[in-house]
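Chain lettering (A, B, C and D) follows the sequence in which the chains are written, and residue indices restart at 1 in each chain.
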Amino acid sequence: MQPNSIARVAAFCLMAVCALDVNAQGPCLTASKFGPTDQIGNVNHITPEKTLAASKLITKGKAYRLGIETNKDTPAYPPRTFAITIVQPGQTAGASLGPTKTTYNDDLINGWAGVGSQLDGLGHIGIDNLYYNCNRSVDFVVTDGLKKLGVENVPAIATRGVLLDMSGYFNSEIVKEGTAFNRVEIEGAMKRQGIKSIEKGDVVLFYTGWLKLIGKDNKRFGSAAPGLGRDGARYLASLGVAMVGSDTWSFEVVPFEKDAGVFEVHQILLPRNGIHILENINTEEMVKDQAWEFLFTLGPTRITGAVQAIVNPIAIK
Amino acid sequence: MQPNSIARVAAFCLMAVCALDVNAQGPCLTASKFGPTDQIGNVNHITPEKTLAASKLITKGKAYRLGIETNKDTPAYPPRTFAITIVQPGQTAGASLGPTKTTYNDDLINGWAGVGSQLDGLGHIGIDNLYYNCNRSVDFVVTDGLKKLGVENVPAIATRGVLLDMSGYFNSEIVKEGTAFNRVEIEGAMKRQGIKSIEKGDVVLFYTGWLKLIGKDNKRFGSAAPGLGRDGARYLASLGVAMVGSDTWSFEVVPFEKDAGVFEVHQILLPRNGIHILENINTEEMVKDQAWEFLFTLGPTRITGAVQAIVNPIAIK
Amino acid sequence: MQPNSIARVAAFCLMAVCALDVNAQGPCLTASKFGPTDQIGNVNHITPEKTLAASKLITKGKAYRLGIETNKDTPAYPPRTFAITIVQPGQTAGASLGPTKTTYNDDLINGWAGVGSQLDGLGHIGIDNLYYNCNRSVDFVVTDGLKKLGVENVPAIATRGVLLDMSGYFNSEIVKEGTAFNRVEIEGAMKRQGIKSIEKGDVVLFYTGWLKLIGKDNKRFGSAAPGLGRDGARYLASLGVAMVGSDTWSFEVVPFEKDAGVFEVHQILLPRNGIHILENINTEEMVKDQAWEFLFTLGPTRITGAVQAIVNPIAIK
Amino acid sequence: MQPNSIARVAAFCLMAVCALDVNAQGPCLTASKFGPTDQIGNVNHITPEKTLAASKLITKGKAYRLGIETNKDTPAYPPRTFAITIVQPGQTAGASLGPTKTTYNDDLINGWAGVGSQLDGLGHIGIDNLYYNCNRSVDFVVTDGLKKLGVENVPAIATRGVLLDMSGYFNSEIVKEGTAFNRVEIEGAMKRQGIKSIEKGDVVLFYTGWLKLIGKDNKRFGSAAPGLGRDGARYLASLGVAMVGSDTWSFEVVPFEKDAGVFEVHQILLPRNGIHILENINTEEMVKDQAWEFLFTLGPTRITGAVQAIVNPIAIK
């Protein structure tokens, strides 16, 4: 064998050894604290008691629509596209149906699920094809729908929501790209806002102002973002939060932190800790109202085998 | 001209006169009580006071997921189809991204919006191409998205929900197709269940057991259904409800009532009264728990220009 | 009734009378010379004798590929879009199939048929919803595929092709938009090129240089074009040609001629004369080679119920 | 390390060594005889001389349409689906365009390219992610279109076609599934039909009768097939044929021959020899006419970056 080839075999074997970390030693890297058949992760922490307590946070009855619009112009992670087509079946030449002249419009969607406000399901991100709770892609990923971890498994979400105003914390209308939120920043924001705790089963949302860039500087919008860092991810995981989200496309800080892997924060949250991620979540009005703690509700579209879902969560304060 | 032709012209002119009823006399047939620019209808009745009061209905903190699954096998009104495709961009030959070997799945949706649990937007049904609030299709219907009445306009929905157990009322596990619910049945069910009132801004849901047919008798499921009749629709409209829904594909009774138009109940609700309709809404568990009055929440996907949306409302009791 | 309304009824009735021209007098306006069940039009003129004679036009054996590329950047008539997605089913994590490690790519198409080089089928254009051979849209247009006139009916096309070099005729690298080709120009070009005749069953292609604009000035490309005028259309129809085509998006002259209807040339050709139209057909190399008369072959994709087809005809000289 | 793990590393390393056969020793396994930049394979053998000679095979002028229909009911290799949607943009309420009341239908395609009669491009099948002419998937496979080997590169195809009537050879209306065609059978069929040779640049088609199963026994149709075996593939490759095809979904024999890999015949033809494959090609009428040698023409749809194309080749005798 040529030296080049020997080196290649050696590298291959080394990778094999490293791969063992992912796949072969004892319980797998992504084993769930909720048992070997769990598919939903930390949303298991949302109990009726939790929901009931969260409903008491409602003081005004103001409901906030947290989703942005999804259409062909929504900036999206390449190569994602989106299109809707409106049709009027059977109504050519002005035809209508029946004595009361019923007419109707119908619609077709042709687009990627990851466009606009979205929920990353637990089947979205993996570590070398190992996904949440020891699911290897070869076992559950099928072209016409995930066999495990699909978004249709997500239960009704109604829990305490906590909004961290990073724009206020950094005193910047739009927090600069590359700004990482770690434990220090999270605790600092909580203190500034008078939020006493982040608890098990919470949904934690970050406000950065980043969505203001859509339609003004789509290039900047999609090329980087402020967001959670690895230390912050581990910290929130230690608190047992159910979901996290922000008003950016990436949720985590981009460019990634020094020495961080590609979307490593996603890896810490989704496969390693079963924490769902929400992106492009618009909390601007809530920040204006200083609605820091609230009832957060979400029913993601139950498309069987879906990796992600276009969402529009409702917060109530 | 031949006699046949003369008759045709006469008919044409007659239709023109009738058409005037729809289009030309005074305020149009579908003028909104909320003013000429309104696009959302009776959801305008959902005020913060209404939401706050509804939140007090939560006693246990139990959250119910009301959406059914949507996939290629979900029975749907022809010629609707649905498909999801899972892809792994850039990860051929076992490639992963970066030092932490990030891998990911992405998904594409190719399907009609009206498959599974759905919200009918105010752009869905018209009367001879006249839609809610005097919007004529020629003015707002464009192939790549409605210019008015799109589902993206629907505000955050958090309001009092009322569940009418028609299965219990008729003492039938699955209420028979063709059974119409009108004022008598509505009031009868309320009385049976101890529901004192239906109020302005409520979301009224009907349970019939019809969803049990999916997977057992799809043909029967999709060919008919029990549901609201015209008198019932006018009654609920008089009460100012925000939305109505049921666990059938059609919401309204099919076959239609004697002398009724095609989906005439839809016409009474959507264009004439600005009341949104929800279909295939699964309230089976709520009926078991006798959760008759509750907080109903819904954030429909904000796809710009959409006629309908696949939904998964969350009810909390 | 108000004066305004009376005027409207009057107008309605007038339109009804005009409408009679389309629908009610004797044989309909678009009745086919090939009988009441014909769905393919003048391609009926392509007989084996015609094909055999055309094959004798081959002198060099040079085969020309007349289709341009179709992709998401191809300028197209709004709101048409096009996307292709490449997938590798079942091959996550570097998996392959079997002992010889078979791997494969597959592809999905999500796009409008009318993007790139296309064939307009006889179901594409109508006159007030009356299509070729008395087919009214209400009778044959269904949302999931035309019941008549679909492109799947087109027989194998192998016939004499005639290429008219309008760029040479007008001595202009790119013929100016709005330049109409009528009988004078057609005969003039034939004379200049030494083409003795245009015959029944021929496919007549026009070269204008218009395709050179793609990628350089897509806006100009799609906003106008040189092309056939009404007189030219009637002239070619009188000669019994099977198909016509050009290297523009519209085939016919845009802006339309004075007093012409919208795409009226299409109406003269498709519904009135059963002559198929080809658009964005690239004959640049043939013009360089002065390949004026040749064997033209085309097998349009046989998608059932299709209105149009993306094509790539082969010419052989 | 546990014994199990050691075994796994060992296996991993062994695979790495085997993998070297594909990737690292000398010129790669799939290097093209046409040079390192070639993307089209043996169609390079189709010269003008070849085309001219093939045109002389036309004696009657009869043109055959070899494509079958593609629609949602066409049996296809899972999970492929296909749908077409017909729309009438801007024509709600009977609207038409302009003084001549132009109306039109448009169509959208949402489906996999590999449905119906298809051409497998050189980017379709690989050996452990190594494709034709040393193209590794990581280098050319991108989610929104292949960067190399896309079907848009295929030149105009006009060459000698040879039809082998295997149904006649085996004296069976439908040749049994699992029947392999190798050199003996190929030469036997040629002898029986009086075909003297198969030459460089030919397109060789096999007729088996298999398409008769569509609509009668789709399950049998798609579960197996008669077809080319490995020896036959190597034989045809040695003759330098440009393309091969048959009237089955798989082209090659299924079940695969003893000890054969998964679609190994595809691997011999596409990546190893640059020979395109055609599937579901309907030559039934040609067999009736005993049209054994003919002009074969094909212009595959030039969708940029496509792996496959739905085709409708035209044969002329």
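List of remarks:
Going forward, contacts are C-beta pairs under 8 Å (C-beta built on N, C-alpha and C of every residue); 3 or more make two chains touch, one makes a residue touch a chain.
Keep in mind that what you see is a predicted model, and the values were worked out from it rather than measured.
Looking at chain C and chain D, the chains that touch each of them are A, B. Where the sister copies chain A and chain D meet, the same residue numbers recur on both sides for over half of the interface positions. Distance between chain centres (mean CA atoms), chain A to chain C: 47 Å. Each chain gets one centre point, the mean of its Cα atoms, and the points for chain B and chain C are 42 Å apart. Residue positions 72, 79, 83, 85, 87-89, 92-95, 103, 108, 110, 128-129, 137, 141-144 of chain D are each in touch with at least two other chains.
Taken as a contact graph, with one node per protein chain and an edge wherever two chains touch, the assembly is complete, since every chain touches every other chain. Residue ranges of chain A in contact with chain C, taken from their complex: 72, 81, 83, 87, 89-90, 92-93, 95, 110, 128-129, 136-138, 141-143. Of all the residues in chain C, the ones that touch chain B in their complex are 1, 4-5, 8-9, 12-13, 15-17, 19-20, 24-25, 79, 85, 87-88, 91-95, 103, 108, 110, 142-144. In the complex of the two chains, the chain C residues touching chain D come out as 22, 46-55, 58-72, 79-80, 83-89, 94, 96-114, 116-117, 123-129, 137, 141-146, 152, 155-158, 259-264, 266-267, 295, 297-308, 310-316.
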